[in-house]
Every structure is written in structure tokens, then in C-alpha cells.
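What follows is a pair of complexes built around chain A, which joins chain B in one and chain C in the other.
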Partner chain A sequence: MNRIISFPHVGDYSYFIKPFLEKVTLEKVKIAPPITKKTVEIGSKLSPDSVCMPFKYNIGCYVEALEEGANILFQFGGGCRYGNYAELQKTILSDLGYEFEFYEFIKKGKTSFNYIYKTFKSINSELTRMTLLKELILVFLKIMIFDKSEHYTRKKIEKDEGEFKKLKYKFINDLCNERNIFKIFKIKHHYKLKRKTIKVKKPKLKVGIIGELYTAMEPFSTFNLENELKKYDISVKRFTDVSYLLFYKKLFHPFFRFKIKDYLKYHIGADATCNVYRLLYLKKKGYDGVIHTKPFGCTPEVGVMPILSKISNEENIPIMFLSFDTQDSDTGMRTRIEAFNDMLLMRKEKKNGK
Partner chain B sequence: MGNKKAYLGIDIGSISTKGVIIDENNNIICSSYLWTKGVPIQAVKNLLKELKKNLPDGYIVVSCGTTGSARRLIGIMTGASVIKNEITAHAIGTSSIYKDVKTIFEIGGQDSKIILIDNGIVTDYAMNTICAAGTGAFLSSQAKRLEIDVQDFGRIALTSKNPTKIAARCTVFAESDLVHKAQIGHKKEDIIAGLCYSVVNNYLNNVAKGKKIKPPIVFQGGVSKNIGVVKAFCDVTGEDIITDPNGHLMGALGVAILSKKEKEEVFDFNVLDLDFETKGYECKRCPNHCEIIAIKKDKKIIDTWGNRCERGAII
Partner chain C sequence: MVIGVPRCLFYYRYQTLIRSFFNELDIEYVISDPSNKKILEDGKKIAPDEACFSLKMFLGHVKNLEGKCDYIFIPRIESVKLDEKVCTNFYLLYDLVNNLFDIKILDFNIDEQKRKTEKSAFIQLGLFLGFSYNRVITAYNHAKEKEKKVKNNNILKQTCILNNNCKKVLVAGHPYNIYDEFIGKPLIDTLKKNNIEIVYSDIYDTKNIEEESSIISEEVYWTFNKEILGAIGKYKDNVDGIILVSAFPCGPDSLINELVIRKIKDIPILNIILDEANSDTGLVTRLESFIDIINKESAYE
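This part shows the complex of A and B:
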């Protein structure tokens, strides 16, 4: 039987994970069909109703991938309730009669090199630690380079809409096909220069996006919030991406905890603790407003909302809370963004004394 | 036709459609208010007819703005110079009449919002998100259950001396609470008054949560016509609540004021009699199946929306 590997989407990271899995497992890897309304429909039909939204999206992706012939599935999530997804998803999918193997990257909230090695070893018995290490470094490097480029493009507003997007996919393509570290840096440099040649406008406002990780990284789940904001000439800063989750979070977490000790003493799960720090940071850096996104019913983020409201009142920085589930219409969100934009502009005008 | 300039604002909500015409000093010259009945285009046609009839001689409408949930559709059709969201429109409209207003409570048919204003500018706002609890729709469905007219709701509520406590969190809980309380013998007027309090508590606990409510407070939207709810707001917040007889027109007024800044062009009241057609179809180019709406004027597409990618773009 042909072994075909697949995994759920988060943003554009699938393109990076595919070559990595191919090299490590030596099996065929298939990227699940892009997330569409149909994915969400399947997902919400098969998931418990009250579960958070990423679960539904994941299930939808799995089913679509299984329909396309995949039979080895991966779950990369962990942290909050996400960490318990794998078990339930496995059960739901096998109850539907699909036959597949299911692997998780993070077990009981923890992961280690050895654990990952063992997982892949059970798929590809010829795998050595050296190969895995090399591939991991390569894929992390690529992802970090990509995330950095995304940070740049989010901040800039191109004159002709879509220029950055076109360049992004070329960049991803070149990056993913390259295995030589020196050439990767060459590509990075090349595209950096290219991005600089794109004509940009001066942003009218600066807004930070904080909140839960899935809604931050998967544009489909938030009706492409960042693009919507760009239409109003708003430059966006977003913290959460894969390089943050893998490295920066671990590295800076004690620092964040120290910085926010006046507001929050304990770790309250997932990215909630960091969000408090981020809000203070954005205020300090002179951002005009903050948008907080979360799936409906996300426990850590709901827990942190009163603290964020308090800071927003005390420090006088507007914050808008958006909850997303599997709803179909984006009208509500657009109205809110439009009003938020109006409000920020009015505040800014007043501040500048016009 | 005269030459005094006038400006038109239309607010097309889910339940009702409101229109005002103002002069250059933001005074309302004439207004109209009717039900949308799910057909915004027809409602606006009727609205324009009525406004045209009521417009005194000597005025000429030079600019038009739209707001409300059907603002984009109607905005394109009428060639409006401003298409604005309800929140901004309400804030501007209300602060043009109450210059020192600090808080606006708005409860409409489907949504409820709170707008905080400082020196005439919006500093913070919130809108109910996924749930429609505590809005006009809930009150009217409960009125139907109790077999009373929504218009009498407030009057009956005021006769109660001991309002029944009804769960405020969620309409489903509120409804089962209501049935239960009725069955164990609570008086009807007490239950009705209890419902008014539950709407207020729901509003203050959800939409207005964490917001600093400062007087003067203006309460508007369809539910502000319900004196029972107004009284409940007074009791719970301990502040005076201002309601305006023109409270329902604030959105339309706001957008009319906004349209003053735009370029001027004589507005044709018969604009909707042209051959307009809206056509909805599903884009089949990918499994997303975007529902695209195209608006045609004289068989030519003038605008489309609903598509999420380039593939669905047809003009």
C-alpha cells in the first residue's frame, strides 16, 4: 500500500513542512486541499459543537486529506486544549471508518528531540539522528527566514495591492526547493532587495494583533483580517508565528512574566501571559490600537480578557476583541473593523490637535 | 426648486429603514421611518417617495449617505457619497444633538452596542458578538409568547411593583426561566418587568462589560422606545437616561452630517426607479463556493461582492 502523509494547514507553513517530512520519512507527502468553506463545513459537522474552532478546521483538513488518499496523519498542536486534540481527532476519524496512522509531535504538552526521532523512526527505520537534526535545522531556518519576511510585509502597505503576495509565493517556492544553507541566505538576500523595490504607502495607522495562535496564523479563520486592515492603510504587527512558538516564547517567557508581574502572577496557559506583555509593549511603541483575536470559547484568552481591558483603560490604548467560530458571513467583522478604523483615526486627529 | 442646500441620510437596518434630510445647520427638515420587511431596495424606494413628498419647497438635496446593515447595497444604488458603519454614524449623529454626551447605549433589532465618547470623538465602543441575547428580537419574541403587543410592553412593565428575577445570561436560559416563573404563579406584569431588567443586565454584563459608563447617557435604538427598559436602565446604573424622540434617526442623521463633507451633486429621488437587478450566484471555481452578489444597472454589472479571491472577480 502506498503510504501518503498529510497534516492540517496553518497559514503557509505547509509548504515548508512538506519537503521536511519527505526527507525525514522518505514517503510521499501530500498537502491537504486548501481550507475552504467546505473544509469548515465538514469540520463543524464532525466535531463536538462546543470545541474551539481550530479543532473543527483540523478535522476538516484531515477528512479532505484522507479523501485524497492520505493514510498517515500528523498533529503538530500543543499548549492548551490543543494538546488533547490528537486523541479525540484520532477517535472521530477512525469512527468514520478511515484507516490511517496518527502521530503527534507534542505528547502531554511536551516534546523532545528523542521523542520526535522515535516517532519518525517508526515510519522510516533507516532514519539517523544526524539526518533528522540536519533536516530540523534546515526547516527551522527556512521558517525563521520566512517569518521575518512576513513581519516586514505586514508592516508595509504596497501601492498596488497584491504585489507582496505574488512575491511571497515565489519566495516560498525558491526557499523550499533549496537545500544548501549558503544558497538559502542568498535567496533571502535576493528577495529582501526585491521587496524593497516595491512601492509602499505611508500607513495611516499602526495596529497590533494579539491573541490566540491559530486565529493569528490562519488567515481563513479570521476572514483575512490582516488584508482587511491593509485596505484601510493600516500597518500591522503580529507576534505569533511558528518561529515565535518554537523559540522566542521559550526564551523570553521568564522575561515576560517579570515585566507583567503587576498584572498577572501566574501562567494562565497558551499565549495568554504573553498577550499581556504584548499589549504593554504595543502601548510603549506608540501603536494606535490593538486587535485581540480568539476562537469562541478559548479558555486562556477569555481568562486574560479582563486584564487586557484593565490595561486598555489605564494606559488608554483601544483594544477590540474579536471571537471567531465557523460562522459564514464576514459582514459583522467588516463593520467592526471599519468602526475601529474610524475611531482610531478620530483619536489620532484629536491627539495631533487638529 | 429652491437653492437652499439639504443633505440626505439613509439608515437601512435589519428591521426598520430610516431616512432624514437635514439643512446646512444639521436641523432635521423631514424624516421617514418604515419597516424594512426583508426587502431593503423596496423599503428605500418607499422611503425616498415619502421624503420627496415631505421635503419643503426651497430645498435641494445635494449629497447622500448610507449606513446600517444594507449600507453597501443601497449606497451603490443611490450613488451615495458616504457609506459608513452604524457605530460612527450613531456617534456623530448623537453628539450633534447632545454635545456633551459621554455614553451611548444602543439596542436595536439584531445588535446592541455601547459607544463611549469624549469631546465629540469616539474613544471606545463594543458590539455584541456572536449572540443576539438581549436585543429587540428577544423582547418581541417573548412578547409574542405572552400574547401582548410589543408597544404595550413598557407600559405594562411600569405597573409592576416586584419584578421577577429572570436569568440574564442567555436567551435560552431566560426563556426557560420565564416559562418556569409563569407556571409557579408570578404575575404577568412582574414577569414583563423582569424581562426588561434581564435585557438591561444582559447588556451591562456582556456588551458594556469593563467599559466606564459616564453620564450623560443617551439610550437609543428600537428598544429605547420601551419605557420599561429605560426605567430598568435608570435603576441599575443609577444615572439619568436620556432618550430622544428622534432616537431612532440618529444613524441616518450622522451619515447625513458626514455627507456634507463630500462633493456635491444634485440627488435624484427617482434613482431607484432605474432598472436595478441583483443577482446572487455561487462561484464554482474552487470548493469554497463564495456566494457572489452582482448588482446590475441597465443590464450592466456595476459592482460585485462576496468573492474572496481573484478567481471570483468578474469585472
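This part shows the complex of A and C:
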């Protein structure tokens, strides 16, 4: 039987995970079909009602991948509710009658190099620790380079719409096909120069996006919030990406905790602690407004909302809370962004006038 | 000095311990009123719209205590068992209240992962209140003994019910929902009115929890949910039906309850999600039809 591996989407990271899994498992890897309204429909039909949105998206992705012939599935999520997704997802999918193997990267909220090694070893018995380590370093390096480039493009607003996007996919393609570390850095440099040649406009406003990780990283789940903002000439800063979740979060967490000790005494779960810090940081850096995104009912984020509102009042920085579920109309969100934009512009004018 | 204890969330898990600990140390304490409509309305005004029913109720209880006490007792709980966690709402109770209210709070932190046990938390509390170490530790030990006694008594009572020949239903849910005067009481009352004996999921000896919860889930790492699963695993063969009670929108429950429904097929299960706009009529109708199913089921046998 042909073994085909698949995994649910998060943003553009599928392109990086694909070559990694191919090299490590030596099996065929198929990226699940891109997320569409159909995916979300399937997902919300099969999932429990009040479960958070990423679960529904994941289920939709899995079903579509299984329909296309995949029979080994991966779940990369961990922490928070994500850590418990796998078991229920496995049950739901096998109740539907699919036959597949299911692997998790993070078990019971914990992971280690050895655990990942054993997981892959059970698929590919010839795998050595050295190869896995090499591949892991390679994929992390690529993701970090990619994240950094994304940080740049989010801040800039191109004159001709879509130029950054075109360049991004070329960049991803070149990056994914390269296995030599020196050449990777060469590609990075090459595209950095190319990006700088694109003509940009001066942004009218600066807005930071904070909140839960899935809504931050998967554009479909927020109806392409970042692009929507760019249409109003708003430059965006977003904190959450894979390199943040893997490295920076652990590294800087004690620092964040120290910085916000006036507001929080304890760690309050998932990214909520960081979000409080980010709000203060954005204020300090002179951003015009903040957008907080989360799936409906995300516990730490809902709990931190009153604290964020309080800080927003005290520090005088506007914050808008958006919560997303599997709704299929983006009109509500567009109206709110428009109003937010108008409000920020008026505030800015008033400030400059005085 | 008077200490206020909100009658919500952690209270139902630690009530014997808290009460007897304060009694041993001769500290005056007040417990907020049983939940009622006003408390909920107060809580709804303060809490964000999307917060779960229980959290809204909790903030109402804190509001209820305002002015009645000098200090308010709010534990911050991250994990009560190694490698396990609790719902993230328990993480932030302290900081939430600290930011939203102008009240002095008694510091209390349980985090097994960082070696901050229940015992050390109570000792810290006692020392903060100005008692000597010896006195605090004896008070804690006495309180713990009493808690054990009460628990054993409850388990004994429950075993009697389980051995009875009448219709029994396992009410599985968080104690802060089941025992709450406003959230779970209507449900319990309806069952009692219909002559159904109730088996509670929180009256359960956690000795064999790994084994008993693994019938449904092997990977669950939320302690409170794991205990419910353990109770379901233990009692499911001795009861006629299971009612899963959760508050809307409960994060852990949304995953775990679905798992229970999918894994347990040989016994009627009713999944009830309670929200603040609840009128009792819908609930009563659902419960009555469920009771009919249970009665029919045994008639076939």
C-alpha cells in the first residue's frame, strides 16, 4: 500500500514542512488542499459545537487530505487545548470509517528530541538521530529566515498590489528546494535586495496585531485581516509566528513577566501573558492602535480581555477585539475595520492638530 | 480581620479544607451568598461577553463580597498534580480580580510543576496571617484529616446508593457547576422530583484514576476533567444513565464530553450545556424525556 503523509495547514508553513517530512520519513508527502469554505464547512459539521475554531479547521483539512489518499496524519499542535486535539480528532476520523495512522509531535503538553525521533523511527526504520537533527536545524533555519522576511513585508505597503506576494512564493520555492546552508543565506540576501527594489507607499497608520496563535498565523481564519488592513494603507506588526513559538517565547518569557509585573503577578496561560506585554510595547513604540484576534471562547485570551481593556484605557491606546468562528461572511469584520480605521485617523488628526 | 471566600469555582473542591483551616486558626470568615440572579447580573457586567458561565458567576461572587470583608481569598491554581494542568481560567483568577477590583487579596498559589504544593500554599497563607509555623501546620493537618473524613463519608453514602435497586443517574461535571445554586440546582431538583437517585462524579476515590479514566481517554491532562472521566469509568456499569453537565462555553469540556459520547455506547448519555439565558422549561423537557428513555430501557430488558 502506498503511504502518503499529510498534515493540516497553518499559513504558508506547509511548504517548509513538506520537504522536511519527505527527507525524514522517505515517504510521499502531500500538502492538504488549500483551506476553502468547503473545508470549514466539513470541519464544523464533524466537530463538537463549542470547541475552538482551529479544531474545526484541522478536521476539515484532515478529511480533505484523507479523501485525496493520505493515510498518515500529523498533528503538530501542543499546549493549551491543542494538546488534547489529537485524541478526539483520531476518534472522529476513525468513526467516519477512514483508515490511517495518526502521529503527534507533542504529547501531554510535552515534547523532546527523543520522542520526535521515536515517532519518525516508527515510520522510517533507517532514520538516524544525526539525520533528524540535521533536517530539524535546516527546517527551523528556513522558517526563521522566512518569518523575518514576512516581518518586513507586513510593515511595508507596496504601490502595485500583489508584488510582495509574487516575490514571496518565488522566495519560498527557492528556499524549500535548497539544502546547502550557505546557499540558503545567499538566497536570503538576494531576495532581501529584491524586496527593497519594490516601490512602497508611506503608511497612514501603524497597527499591531496581538492575540491567539492560530488566528494570527492562518490568514483564511481571519478573512485575510492583514491584507484587509493594507487596503487602508495601514502597516501591520504581528508578533506570533512559528519562530516566536519555538524559540523567542521561551527565551523572553521571564523578561515579559518582569516588564508587566504591575499588571500580572502570575503566568496566565498560553500567549496571554505575552499579549499584555505586547500591548505596552506597542504603546511605547508609538503605534496608533491594536487589534486582538482570537477564536470564539479561547480561554486565556477571553480572560485577559478585561485586563487589556484596562491597560488600553490607562495608557490611551485603542484596542479592538475580534473573535472568529466558522462564520462564512466577512462583512461584519470589514465594517469594524473600516470604523476602526476612521477612528484612528480622526485621533491622529486631532493629535497632530493640537 | 474578616476573610471573604467566594462560593464559586475552587470553593466546591476545597470547601471542607478551607472552612476547617480557618476554624482551626480562629479566623473569622464569610462565604458569599449562594448564587442568585443578582450575582449573575453583577458578574455579567464585569466579565467579557465570551467568558464562561462559571467565570461570570465567580466575578459576581467577588462583587458580592465587596465591603463585607477585609481580605478576599482567591487561590491561583495552575496544576494540582504533576504533569497535569487545570483550566486556564484558574490561572488568572488572582490577576483578574486584582485588576478589576479594589480589594486586598490573600495570595495563594498551587503549582505542582514548580513544587508549590497545596500544603506549602496553605502554610504560606497561615504565615502571612501572622501565625507561627507550628500552629499553621497543625491546623493544615487537622483540616486535611477532616477533609478526608468527609470525603470517605460521602463515598460510603454513594456506595449505598449504588447498591440500591432504584434508578440511578451519574451526573458528571465540574462540582462548581453541579452544586451551584443557580447553575446546577434546577437540574438536580428535577431529577430528584422524578425519583431518580443521583450519583455525583466528584465523590470519587482517585486511587485508580489512571486505569479508570483510560477507558475513555489516555491523553487527557486536565486534572478536573480526568477525575470526571475516572468517575464515569468507575460508575458507568452501575448506573442507568449519564448526564454530562457543562457551562457554556467550557474549553476542556467541549473536547472531553464529545470524547465520552463517542467512546461510551452502551448506556444512555445526555449532554447538557447550561448558559445564562437558560429558562428551566427546556432543561426540564430534556431531562424528562431522558428519564423516560431510562425507564423504557429497563422495561425492554
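Rule of thumb we're sticking to: the second predicted complex is superposed on the first by the 353 of 354 C-alpha atoms of A that agree within 3 Å, B and C clash if a C-alpha of one lies under 4 Å from a C-alpha of the other, contacts with A are read in each partner's own complex, and residues count from 1 in each chain.
Keep in mind that, in the parts below, a residue touches a chain if its C-beta (ideal position, glycine included) is under 8 Å from a C-beta of that chain, and two chains touch if they have at least 3 such contacts.
Nothing here was measured: the structure is a model prediction, and the numbers come from that model.
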Worksheet item: Touching A:Lys261, do we find chain B (first), chain C (second), both, or neither?
Response: neither
Item to complete: Kindly classify A:Lys37 by the partners it touches after superposition: chain B alone (first), chain C alone (second), both, or neither?
Response: first
Item to complete: Considering only the touch criterion stated at the top, classify A:Asn313 as touching first (chain B), second (chain C), both, or neither.
Response: first
Fill in: Touching partner for A:Lys159 - first (chain B), second (chain C), both, neither
neither
Item to complete: Please indicate which partner A:Asn224 is in contact with in the superposed arrangement: first for chain B, second for chain C, both, or neither.
Response: first
Worksheet item: Who does A:Ala339 touch here: chain B (first), chain C (second), both, or neither?
Response: first
Fill in: Dominant contact partner of chain A by residue count, chain C or chain B
C
Discussion item. Let me test your reading of the model: by the given contact rule, A:Asp325 touches which partner, first (chain B), second (chain C), both or neither?
Written reply: first
Worksheet item: Which partner does A:Lys199 contact after superposing on A: first (chain B), second (chain C), both, neither?
Response: neither
Worksheet item: A:Lys350 contacts which: chain B (first), chain C (second), both, neither?
Response: first
Worksheet item: In the superposed view, which residues of chain A touch chain B and also chain C?
Response: 296, 306, 310, 323
Discussion item. Taking the touch rule as given, give the residues of chain B at its contact with chain A in the complex, in rising order.
Written reply: 69, 84-88, 119, 121-127, 129-130, 209-210, 212, 286-290, 308, 310
Worksheet entry | Residues on chain C engaged by chain A in the complex (per definition of touch) | 46-48, 50-52, 55, 76, 78, 83, 85, 87-89, 91-92, 94-96, 98-100, 109, 217-222, 248-252, 254-259, 262-263, 273
Item to complete: State the interface residues of chain A toward chain C in the complex, per the touch definition above.
Response: 47-52, 55, 80-81, 83-88, 91-92, 95, 107-110, 263-270, 272, 296-300, 302-307, 310, 323
Practice prompt. Flag every residue of chain A that touches chain B in the complex, lowest number first.
Written response: 33-34, 36-39, 162, 224, 296, 306, 309-310, 313, 318, 321-323, 325, 327, 331-332, 335-336, 338-339, 342-343, 346-347, 349-350
